[in-house]
Every structure is written in C-alpha cells, then in structure tokens.
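Look for chain A in each of the two complexes below; its partner is chain B in the first and chain C in the second.
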Partner chain A sequence: MDSLVGFVGKNYVLMAGDTNAGRSIMRLKDDFDKLVQIDSHKILAKSGEIGDGNQFCNLIIRNVSLYRIRNETELTTKSVAHYTRRQLATAIRKNPYSVNLLLGGYDKKDQKGSLYYLDYLGSSKKINYGAHGYAALFVGSILDRFWKEDLDFEDGLELMKKCLREVEKRLIIGTRCFLIKMINSDGISVVEKVMINSEKKNEIEEEN
Partner chain B sequence: MSYDRAITVFSPDGHLIQVEYALEAVKKGTTAVGVKGKDVLVLGVEKKSTAKLQDPRTVRKIVQIDDHICMTFAGLTADSRILINKARFECQSYKYYYEDPIGVEYITRYIAKTQQKYTQSVGVRPFGVSTLIVGYDSKGFPKLYQTDPSGNFSSWKASCIGRSEKPVKEFLEKNYVDEMDEEQTVRLTIQSLVEVVESGEKNIDIAIMRKNKPIEFLGRTRIAEIVKEFEEEKKRKEEED
Partner chain C sequence: MFTLGSVLDNDFKSTIEDFSFETEFSTNQLMLPNIEKPFEFAQSIIGLEKDLQENENQLMFHQQKKEERKERALIKGYKGTTTLAFIYEKGTVVAVDSRATSGQYIASQSVQKVVPVNEYMLGTLAGGAADCQFFLAHLGRICNLYELRNNEKISVAAASKLLNNILYSYRNYGLSVGSMICGYDTRGPQLYYIDSDGSRLKNSLFSVGSGSPFAYGVLDAGYRWDLSKEEALDLGRRAICAATFKDSYSGGTVKVYHIDENGWVKISDDDASELWYRYEEKEKKKK
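Our next item is the complex of A and B:
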C-alpha cells in the first residue's frame, strides 16, 4: 500500500513517497517514483491503482502544459488543484480513477508553498501537512504534534525522516525505501532517497 | 443541382478558385520571413502599424506552438488563431500518447492536413493563412516548413510569405548561403525585411530559435543597431559609387 507524506515549510514544500510498486503479494519495483512533476514548480504525488495513476497524471500534465503554451503563463497551485479535483469529480460517476493525490507547489507570485489533499472521490482540501495510505494513520499524529509553521529546511527534513521512520517501524508491509523531494523557488529537487532500517535490539542476549 | 453544397468547388479549367482567393488574402497580409542557418533558425515579421491608441504588445505574430516549435503566419489573423490553437492542442496530444515531443514535420503535416480539410468540406471556407513553422528535428537539424491555404507544405532553407513575398524571396535567393552562423542568419533576416517594411526597424520583430533553448525575441536596441549598420554600409557603398 502506497505511503505519501507532505508538508509545507518556510518557502518550500517537502514531499515523500515510498518507492515500492507491487501487485498482490509481489513487489514489482523498488525504485518507483510516485512524485510526478507537473510543471516546473509542482509535484503530484500519486497513490492507488498504478495504471490509473499514470493515465491521470499524464492527463493533468498535458493539460497544464497546454494552458502554459496557450496563455504564456503558468497556472497557480490552487488552480491546478481545482482542475485536478474537477477531473476526478466528473470521472467518479462514470469511469473513476482510483488515485489519491497530494499536490504540492510553489507559487512565485505569493512566494509561498502550498499543499493540497485530493482523493479519488473528488474531494480536495488545502492542507499544511498530510498523508495518504496507511502512512496517514501513523504520520498524522506525529505531524499534529511536531509540525510548526515556517519550519526551516533542516528541521523540516528531520521531521520528514521522523515520519518515515515511524512508517517503516509500524507498517507491517515492508516499506523501507522512500524518495524525498522538495519544491522551492528554484523548482523541484530530489532531496534524498532514504533507506530506513529501524534498530533491532537482540533482547535474548541482553537478558543473559 | 444545388451549388451551395460546398463552398470550394472546381472551376471548369481545374482550379479551386476559393483556394486561390485564399492565397490572395495571404498576399495582403504583413510579411513574414524564415531563415535557416547552420544550427539556428530565425523568424522575422513585419508588424502591422498599430493605431495610436492601440497597445502594440497585444499584436503578436510569432507564437510558440510547443516548447521546441515556433511558428508565424501571413494572412487573416483570426484564421491563424484557429490553426495555432489546433496545433498547440495536437502537440500536447502527441506527447500524451507517445511521451516524446512532437516532430516539426509531424506538426507541419498536421497543420497542412487541417488546411486541406477545409478545402474539401461542407459549409466551410479555406483558411486565409500561410504559415512558417520552425523547430529542430529528432536528429537535431534545424528545419523550416511552410504551409499554405491549399494544404501544401514543403521544407525551405529560407522563405517568405505575405505582401512582400516576391522582392524578399528574390533578395534571399541572391544573398542566402548555406551553413550561416547565428549572426549572419539574423543579419540576413533583418536585411531582407528592412528593404520592404515601411517605417523601418520599429515595425520588425525578430525571433531566434536555438537548439534546446527557449525562443528568444531580439531586443529593440539590437535590431536598431543592426539596421543602423546596414544603412551606414549602404551610404558607404553609394559614396564609393
């Protein structure tokens, strides 16, 4: 099951997704990038059905590009979120896309990052921090406690790793590898590809 | 027999009169020039002189179709808008299906196909537009294509459309050399336009398309500099004679 985590910091947005792609009990790919670039300053993190995710993200990317070419200006994150939501909402009662998304973007005009939570039913909400998948159950409380407004990049990265460590520790399905990306005024950059190994204590030895 | 089924019908001597009239409309439009250099493409357009109260920035003749393809046109501006819109959509549609950026010839074919469709359809008239399309092909070579209202298209080293087509083409045929560098290509484009454009360099727009780089519009001052150099050279030649 996919894990996506994202939150907004001081002039940046940090997003992470696990790099597993699987079907039933089999892991097909362990370097799957779920954080798709929409345009120079926006990422759509996708989770759910892989085929639907590909098709839907492709659709959004192409339409955002078309807007840019036609109007010689880029859409704001808010507009892309609304457009994406509209696509999901019209599809839900016809040919639903089974994708849950986190849209993160940096708007040069406002000089601020923003994050949107979208799900396959066509709901959309602007959030400061959020997650999709099983990760959301574990990560929600951590972010509730430790997220603050205007976190520095170092603090933000530490917080993200804290979240991912918890996911690795508690989620019974092995999700060790995560990809962390950042969006800021310079655009999109890959921060780190994290392999998390929680400490394993040998309790039998200690008892002796 | 109703003669209003289609608007484009054959004449007794085998011409499509409407298409030829469309070509006349193109000949009334402001001039556009395209020149291919060794590894650069330059488009030059004559801008229609804007009325005093009109904002000149809203009249743009050189447009981007995709990140790596540009085009300009001569003829009915409103008709060109439709073609440009269709072309832009097709570029994204191609990328949606094939993940690769569209080829210059592919989009030229598409635009030409669209123009031809409108010469053989019910209740429509042909587009009164000829276009010049520039971009780099998959092998990295610069390509310049021209389409016209009949739906013909061909590749050119240098071409001109619009009202000063004849004199500019003659000028280009005389002065074009293969494998020009960027500076030479820009100068040739400007020179070819300066001769025919009334009121000089203020009404010329030049755009440079380099490989893997976004299109660059040459600044007013630079165009004015180059035009000045031409005029000085001309004076010098006249004095020598």
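Our next item is the complex of A and C:
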C-alpha cells in the first residue's frame, strides 16, 4: 500500500513517497514522512510495516553515525547499501523485518547520485530508477519509456510528477498526497509536498 | 581481585544505571522452550484474531474442532471498543467507552479503559485488556523511576518511545495492544498511538477500536485546533456516543478526560444510551 518512487538524474537523486500511514482500511496519519534521512547526503525510503520500518531505519542511522564517529569519515552509498542488505539478510530467517527500501545517496567523491533497491528478503541492486509497492506496477513502464541518462532537474521533476499522477489516477486506494525529496551536492532538500488531483485534467495543486 | 579494569567497569555501570531503562521487560525475556523456531511456536499456540475470524460459523467451529481447540490455547484479542483522543489549543481530550465483549456476550459494561501513567499522562486500552493494563502500569513504573533518577518529568515522546521499544521486542508473540499515550508536557499537548506491531505514530487525533470508523466520522467533522474547552469535551463525548450507537461492541458508559498543564482530570461519566437520547432531545428542542 505504500508507494515509493525514485530515480537518478544529472548530479541528483529524486525520491518520492506517499504520506499515508494506516491500519487495514483506515488512514491514521496523512503527513507521514517515509523518506528518512540517514546522513547529510543519503535517504532511506521505507515501506511496509510501520513499526519494523521505524526500528530498522533507526538501526541503520545509528550505526552509520557510529561509524562516522569512530572512523571520522562518511560512508559511501554503496557501503550503506551493502550494510543494510546484510542486516536484512541475517534477520530474514530469524526475526524478519518486513520493510522494502529504496536507498538514494550522493557521493562527493564520484560527484554522482546512486539509487539502490532493497527488499525485505535481503536482495539489493543498484538501479537507475525504481519503485516499491503498488506504484511499481504503474510507474515501472513510465520510467522505462521516459527515463534518460542525465536528466535535468526540471525534466526530472516533470517525470516524477508524471509517475505520481499515474499512481493517483489508477491506484484504487487513495494516495493523493506525496512528498518529493532531492539529494544533490548540497545535501537533502524537500522539493515539494504535492497534492495530486487528476480529476482536474492533470492540474496539480501545490501545498507548501 | 580488583584490577583497574573491574574498577572502571563498576564506575561505568553505576553512571549508566542512572540513565538506563533496562528492566526485566525491556528486552524480550519471555520464557519459551529451547526449540528451533520460537516465533512460529509462539504463534501456533496463540490463536490470533484473524485465524478465528476466518471461521464465520462460530457454533460449527466450536462443535467440530473441539479436539483441535483443546490443543490450542486461544488467546483472542478483543478489539471491541472505541477509544479516542485529540489535542487542541488548550490541552488533550481523551474519551472512551466501557464495554468488554467476549464474542457475542457482553462481559462487562464498566471497564476502565483509561489507565493513568502519571499525573499528566494517560494511556488508553484497546485490544487485549490484560496486555494493555500490564504494559501501561509498567510504563507508569518506568516513568516514576525516570523522575526519581533524573529529577525531571519524562516527556510524552520519551514515554511512548519506551513503551514502543518494549512492545517491539514482543512483536511476534501475539500481544494485542492498541494504546494511545496522551499527555501534556513542556512541548504542549502531545498524543502518540502505540501498537503491538511496533508502530508509533504522532498526530493530533486518533481513534482506536472496532468503533473507531464511526468515531472518526464525528471527530473529523467537528475538529479544529482552536476549539474551546467546552466544545472539545462535547466533541469527544459525541464521537464516542455515535460510535456506541452504531457499533455493537462498544457501549456502557462514556468517560471523558481532559489533560492540561495542571495534569489530568476526569470530566464526566455518562451512560451511553441515555446520552444518545439526551442529545436527540436537545436537537428537537432547538427546532
């Protein structure tokens, strides 16, 4: 039921998640931030059970901080992805975390953004674009069709909105409100909190 | 023999204890047999509500599967209740019903579904009564210890996080807790929803239980941040009343509490059915 979308552009990574937190058919909270900041240039987008997501993301954040304090150096996105995957993999046969993740990060050394797709079963893959949840069904083909290497920020944002519009239009479960975040050399910034209303002929209302 | 290491260890331990929240229930120490898959075993002996709901014809289930039932100790989580809480400008309002059901049988009409954690924090009860009562009372103990050790009142965020961590460590063991931690601290009125699955959510209004959709209807329609105290209490009371009217698993009496900077106060305790007809008369008189 959670929708997460992400892709890599020219020196940035754009990620979006819906802002619903619910329990069976009920929406308990409609401003829930699923794009958790790990450190200054990495975001872990979580989907799945709320409790597992919270605890697991806390685990990753604290351990990345600990590494930074002990070794006085930041981890690369690749290292964090590998560490996260390992935590999920060791847990799967004992005490599984039912969380699916998208890890996006910008590495100052390579001057490039990267995106990793992580599963609750312990799978991990470096991807250019991807999604989790029901959104993946709708958004996969759009990204296949329209994603290009080195998209500018404006084009990237337009592509993201195209994806979110499709999710709102076709997913029967109401997810109108999405939070879009961007990671680039300056760090993490909230691009928009978007409320999409496809009835109004693809107009998009913006909320601050 | 005292080595430097052991002396340092002792010092370290004593300072850590001042800030630690380690209790016998912090980490999962539920006694289970020494088997390969403890989680699966625990789930097999604890009948989760979703397994029971699959058997629509309860009578046939009772008759036909008596042998099976004898082998399985069924601990059913009663989420037949309506509790709600919301924060507004002047504080926190908590409203609950007081019915406990056991299948189709009303076990009690006078259950206390609000458990005081301390003088300025309340916890609500939904799901398994025993689980909620125990863990909320335990939370009260921990909060008291925190105040004694640190000479300051514990924040609602910290208290809810403590409960969340404890419940998370028991998340596959069939506990049924749908509690709200409501209080007033230095940051103002606070409200957290804590679940036995390990979720912890912060929001300005929540409703938990089988009657929660009905309560949400009235609550969402009338909620504003700048309500007056009278309006807020009335909103909470009406929302529970509406839920008891529609939901057969909620009823009994409607209890309303208010929490502000001076602590929590029980405002009213009205019979749910009488309340409904009182409101109806009021509406008639207006016309």
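By our rule, the second predicted complex is superposed on the first by the 199 of 208 C-alpha atoms of A that agree within 3 Å, B and C clash if a C-alpha of one lies under 4 Å from a C-alpha of the other, contacts with A are read in each partner's own complex, and residues count from 1 in each chain.
Keep this in mind: contacts are C-beta pairs under 8 Å (C-beta built on N, C-alpha and C of every residue); 3 or more make two chains touch, one makes a residue touch a chain.
Remember, predicted model here, so these are calculated numbers, not experimental data.
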**Message:** By the touch definition at the top of the document, which applies to A:G51: first (chain B), second (chain C), both, or neither?
**Reply:** second
**Message:** Applying the document's definition of touching, compare chain B and chain C: which contacts more of chain A?
**Reply:** C
**Request:** For A:S40, decide between first (touching chain B), second (touching chain C), both and neither.
**Result:** neither
**Prompt:** After lining up the shared chain so the two structures overlap, which partner does A:T76 touch, if you call chain B first and chain C second: first, second, both or neither?
**Reply:** neither
**Request:** With the two complexes superposed on chain A, say which partner A:N11 touches: chain B (first), chain C (second), both, or neither.
**Result:** neither
**Asked** Touching A:S65 in the superposition: chain B (first), chain C (second), both, neither?
**Response** first
**Asked** In the superposed arrangement, which partner chain does A:Q87 touch: chain B (first), chain C (second), both, or neither?
**Response** neither
**Prompt:** For chain A, which residues count as touching chain B in their complex?
**Reply:** 58-59, 62-63, 65-66, 69-70, 72
**Fill in**
chain A partner, complex, touching residues on chain B are 64-67, 85, 88-89, 91-93, 95-96
**Message:** Residue numbers of chain C touching chain A in their complex, please.
**Reply:** 39, 164, 168, 171-172, 193, 195, 197-203, 206, 212-213, 216
**Message:** Residue numbers of chain A touching chain C in their complex, please.
**Reply:** 21, 23, 26, 28-29, 32, 49-52, 54-55, 95
